[in-house]
Amino acid sequence: MQTHKAKRVEIIIEAPMEGRLTAALEKAGVTGFTVLPVLGGSGRSGRWTREGQVGRSGMVAVVCLVRPEKLDTLLEAAFTVVDRHIGVIGVTDAEVLRAERF
Amino acid sequence: MQTHKAKRVEIIIEAPMEGRLTAALEKAGVTGFTVLPVLGGSGRSGRWTREGQVGRSGMVAVVCLVRPEKLDTLLEAAFTVVDRHIGVIGVTDAEVLRAERF
Amino acid sequence: MQTHKAKRVEIIIEAPMEGRLTAALEKAGVTGFTVLPVLGGSGRSGRWTREGQVGRSGMVAVVCLVRPEKLDTLLEAAFTVVDRHIGVIGVTDAEVLRAERF
Amino acid sequence: MQDILSLATANLLTPMILCFALGLFAALARSELSIPEAVAKGMSIYLLFSIGFKGGVAVADHGLDATLLAALAVGVILSFVIPFVAFGLLKAMTRLSATDAAAVAAHYGSISIVTFVTGSSVVQGAGLVAEGYMVAVAAAMEAPAIISALYLASRSGGRAEKMDADLWREILLNGSIVLLVGSFLIGLVTGQPGMARIEAFIVAPFQGVLCLFLLDMGLVAGRGMRGAKGVMTPGVLAFGLVMPVVGAAFGLAAGMALGLSTGGVALMMVLAGSASYIAVPAAMRVALPDANPSVYLTLSLGVTFPFNLVIGIPAWVAVAQAVGG
Amino acid sequence: MQDILSLATANLLTPMILCFALGLFAALARSELSIPEAVAKGMSIYLLFSIGFKGGVAVADHGLDATLLAALAVGVILSFVIPFVAFGLLKAMTRLSATDAAAVAAHYGSISIVTFVTGSSVVQGAGLVAEGYMVAVAAAMEAPAIISALYLASRSGGRAEKMDADLWREILLNGSIVLLVGSFLIGLVTGQPGMARIEAFIVAPFQGVLCLFLLDMGLVAGRGMRGAKGVMTPGVLAFGLVMPVVGAAFGLAAGMALGLSTGGVALMMVLAGSASYIAVPAAMRVALPDANPSVYLTLSLGVTFPFNLVIGIPAWVAVAQAVGG
Amino acid sequence: MQDILSLATANLLTPMILCFALGLFAALARSELSIPEAVAKGMSIYLLFSIGFKGGVAVADHGLDATLLAALAVGVILSFVIPFVAFGLLKAMTRLSATDAAAVAAHYGSISIVTFVTGSSVVQGAGLVAEGYMVAVAAAMEAPAIISALYLASRSGGRAEKMDADLWREILLNGSIVLLVGSFLIGLVTGQPGMARIEAFIVAPFQGVLCLFLLDMGLVAGRGMRGAKGVMTPGVLAFGLVMPVVGAAFGLAAGMALGLSTGGVALMMVLAGSASYIAVPAAMRVALPDANPSVYLTLSLGVTFPFNLVIGIPAWVAVAQAVGG
């Protein structure tokens, strides 16, 4: 089937920042994204698991498929939010089926 | 370690369609896949979150690693199910360790 | 924005092995990873869903972003744990924003 | 009329309705208050099990009434017929496409179990005793409307998926039907001795659980409303307020024709006047994917459900008492 | 025999057993009815906490019995020994590999807490009072069978992982052992004053919660059965029905040798005749990964658990009464 | 003093404290025992709803006390002031950065709802009756401390995010405030008739649910402790033990100045001496992201919460009785 080049961006971020991140993405023109739950992880700020948490803490993963030319706008928007916070951003090359959707 | 070329297909689809999608995949000879929960997202059909849902609604992510030559069969099978429904399909190049498994 | 080459490794493994896998990763010098919940899947050992499970069973997905030169150490460490168990390992090329973190 | 109004006002100040209002408020004010999905589902399983079991025990106590089969048949017919009425009203009152209108019609022909549970609790609070088999009637009314809706959609040129065996099974064996009918049968078989064993679990805490569950319903309805700007034209909104009254009128006629008790007539009105928001939406996503889920979910959950909770149920109970008493 | 049969039939018509049957039916009919994992785990925590606490309070009431230590020791010995018997039977009755047979044997040496909880409820329903410390015996019987199984596997050339400190900790401090022993001790320390504070929570709703929990067990067992085509040869199936009887016979002998009360003998039979499906499967995945989980999970959960629920428990209670009364 | 000690010792042997201890033990021993997040959240919703509703009904019973507004105002002032005291103590006792110290100070100015719930239960167990509106005071004390802390941080050159409308809404409409105030109002409006409907759900099982909830708190606190090596210097640890006493002294003065009942004074001490671990940490992650969450979470949850549970609460109740009786 015919596919079109795209970028897959995966952002792991603290749950209290999720709303701010998706708002920033929408402001930057990114209208498609998916939020996945995260059970735990490890990074510079140490190891954590959902079980060791109370309240709203914890992290989520936000996945966006975008056209390659939109990548920079997206990264800048995301970076403003993630910058001072715990979290990581990874980008992979991808392909999507219906380019008109992105 | 020696790795082999593969494709990673990620399908985000409405939960009520999950069974039909995996049945279509199996029918197309794809025996390996993993289903991940989804908390929320945004797309052409607007923003949704799991919290704003009742009943069986919501979405899931289905991830398949397949040999490159099987990709087209997989995409066609998946597309038949996803076509008229809410959801996206993304493909990335990947590598796997034990090719005989795929 | 400036990005740096990295590898994204995704390991799907039985939940009772999660602690052993992350311990092995840490021992191999991999300090960053994220654990995602899994709802179900299919593979050589057949089809399973979380609903058909009791107790601690089920699977999780562990995602690591690492520098390319660390990939082999990571795969070897992961493989020792996954080897005789149910599960798969997939690798994709990726890019990350702040290389000093990985 | 005066009586009905004062009854409705009294109903407004119960913990149940106020919990629903609290949930609505929290969602509309964008508070992050939320009840975990698993807990909400656990509560709904508890409520269904409890109401099904109690219905079964009631039937075991009073013996199988000759009207049981008649009531089931009438319920099925109502569920088949009401979508045609709803479709006609929608065509007259709104500009929805035929597919959207058919999907909405399916929801109003089917029933809302939570409305039924709340109605049962209000009926009981009014000192009435309804036929225990009304839970079986509720279960019987879930599915037929879906068939009418698919017929309406394809008659109007909509692209309905064909009803394959999987879809039939999903609809007829959906979780709430199986649980409701199953616990009804368990109550029927074990009767009072069974009740004695689990009464402390399913009777005493019932209303309290219902409060927390309606808090969650308020949260969900409020979040749905927030996301539904643009979908709600005045015509669509009006339909969501008129249709439950029309449905309840059908229920009233059916209940009286069957010769049900006052409580039974009230519950028949509640059922016919309620709109599904669990089983039917899932079926529509599979069978009528081109229909816009925002329309039917907002109508059913954001307009008709609150209307029934606050105005409909107490009004139907009062009407049934006026007519039956 | 007649008595045992009529008792078993009476037991069949309790809400608990019928809820299990409803779950089985729903799963086999592929209904999408399901209880969220978190809710099911929450209910199992409630049941374990309640039964442990009640056991502790019972011991606080009656004083520490001299047979407590003896019963613990006998429980540990049974758990060590039964896997050898099970392994022998499996070799005789089935064609399972040595590794698979060893893994299955571990499950039957260990115990099923849910079977024990249900058994306690039936024992109590029969008007019997068992020793409160039986919950401690249950905890003590969980782990030893694993060691026997690993010995059996490696003696037959299987590749058992070596038991490292982590695995030991996981087995000995698994959630249900810690919760059961912990709540037993809390009940022992706080006694009746503690009971008075939380009785309304842990006593009255117990049987109702157990009903919903068994509904979930039925769903899980049924889904397991559906996925297990091909694994269940007649020999394997027969083992799953014979082994609980053999185990219960060991339990009967042990209970009478210890001089337990009638209720205590019944519970000892229930424990010895039950098969683990939580702690041992997880340990097997780590320590004996080559063993096929479908075999041991289907046997334990899909064959022996339903057998014990429906036939075993009432039969053991009747046998204990016949022997003890 | 003797009395206070013996009271504290009696308190140690309640099921609630022992459940907390069991959780701590299980976590420190690295048992995999865990309570699903959804269930723990469900229990906390139950506890908040129950305590808010009961407070509202109590106010409905006794009429609106003239001191209600005064108590709310005093609560707000305490929440504003205590962070300055805490910040001063932290600067004197520890080497924490200004940003970390400000973040910690916010937690101690705010309150812990679970400590308050447990305190209410102990107050009631001591035969005391507190003002029903104390739950509203609790809600009012959650947020002001955050403002003081952000002021402290920016005064010391820390990079506090500016408080935008979103952050205000998140803080003022956080889940526990909305649920507590909402259920308080529902209780106030529905009074005894409302209570009669849901009493069996919110009163009788309360202490039992609190036990399981504290078991989970013990697990979470213990896992937090395990991950906090390196953060806990002796100075920081000492602060976590001294600050609740200082806060409680403020609460004592405030409660007596307001002329509260003995139970009310005790609860005011409990509130002022407790440290937030839900609302404030989430706000700090947004508004003061450079502050180290391990420091404030470990202090609040791993040091001060257990201290209050085991020593603080019974001591404050005894002090209030000595002073007030």
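Points worth noting:
For reference, chains read A, B, C, D, E and F in written order, and residue numbers begin at 1 within each chain.
As a convention for this text, contacts are C-beta pairs under 8 Å (C-beta built on N, C-alpha and C of every residue); 3 or more make two chains touch, one makes a residue touch a chain.
Just so you know, these numbers come straight off a predicted model, no measurement behind them.
Looking at subunit B and subunit E, the chains in contact with each of them are C, D. When chain centres are defined as mean Cα coordinates, F lies farthest from subunit B.
Of all chains, the one whose mean C-alpha position sits at the greatest distance from that of subunit A is E. We define each chain's centre as the mean of its Cα atoms; on that basis subunit A and subunit D are separated by 39 Å. Taking each chain's centre as the mean of its C-alpha atoms, subunit A lies 34 Å from subunit F. Subunit A and subunit B, compared by their mean Cα positions, are separated by 18 Å. The set of subunit B residues touching two or more other chains comprises 36-37, 49, 56, 92-93. Counting partners per residue, subunit F has 32, 34, 36-39, 42, 170, 204-205 as the residues that reach two or more other chains. Chains that are in contact with each other form these pairs: A-B, A-C, A-F, B-C, B-D, C-E, D-E, D-F, E-F. Partner subunit D is touched in their complex by these residues of subunit F: 36-39, 41-42, 45-46, 49, 53, 169-170, 173-175, 178-179, 182-183, 185-186, 189-190, 194, 197-198, 200-202, 204-205.
Against subunit B, in their complex, subunit D makes its touches with residues 34, 37, 40, 159, 166, 170, 217, 219-220, 223-224, 227, 277-279, 281-282, 285-286, 289-290, 293-294, 301.
Per the touch definition, subunit C reaches subunit E in the complex via residues 14, 16-17, 19-20, 45-57, 84-86. By the touch rule above, subunit D contacts subunit F in their complex via residues 13-15, 18-19, 22, 25-26, 29-39, 42, 125, 204-209, 211-212, 215. Per the touch definition, subunit A reaches subunit C in the complex via residues 10, 12, 36-44, 49, 59, 61, 72, 75-76, 79, 88-93.
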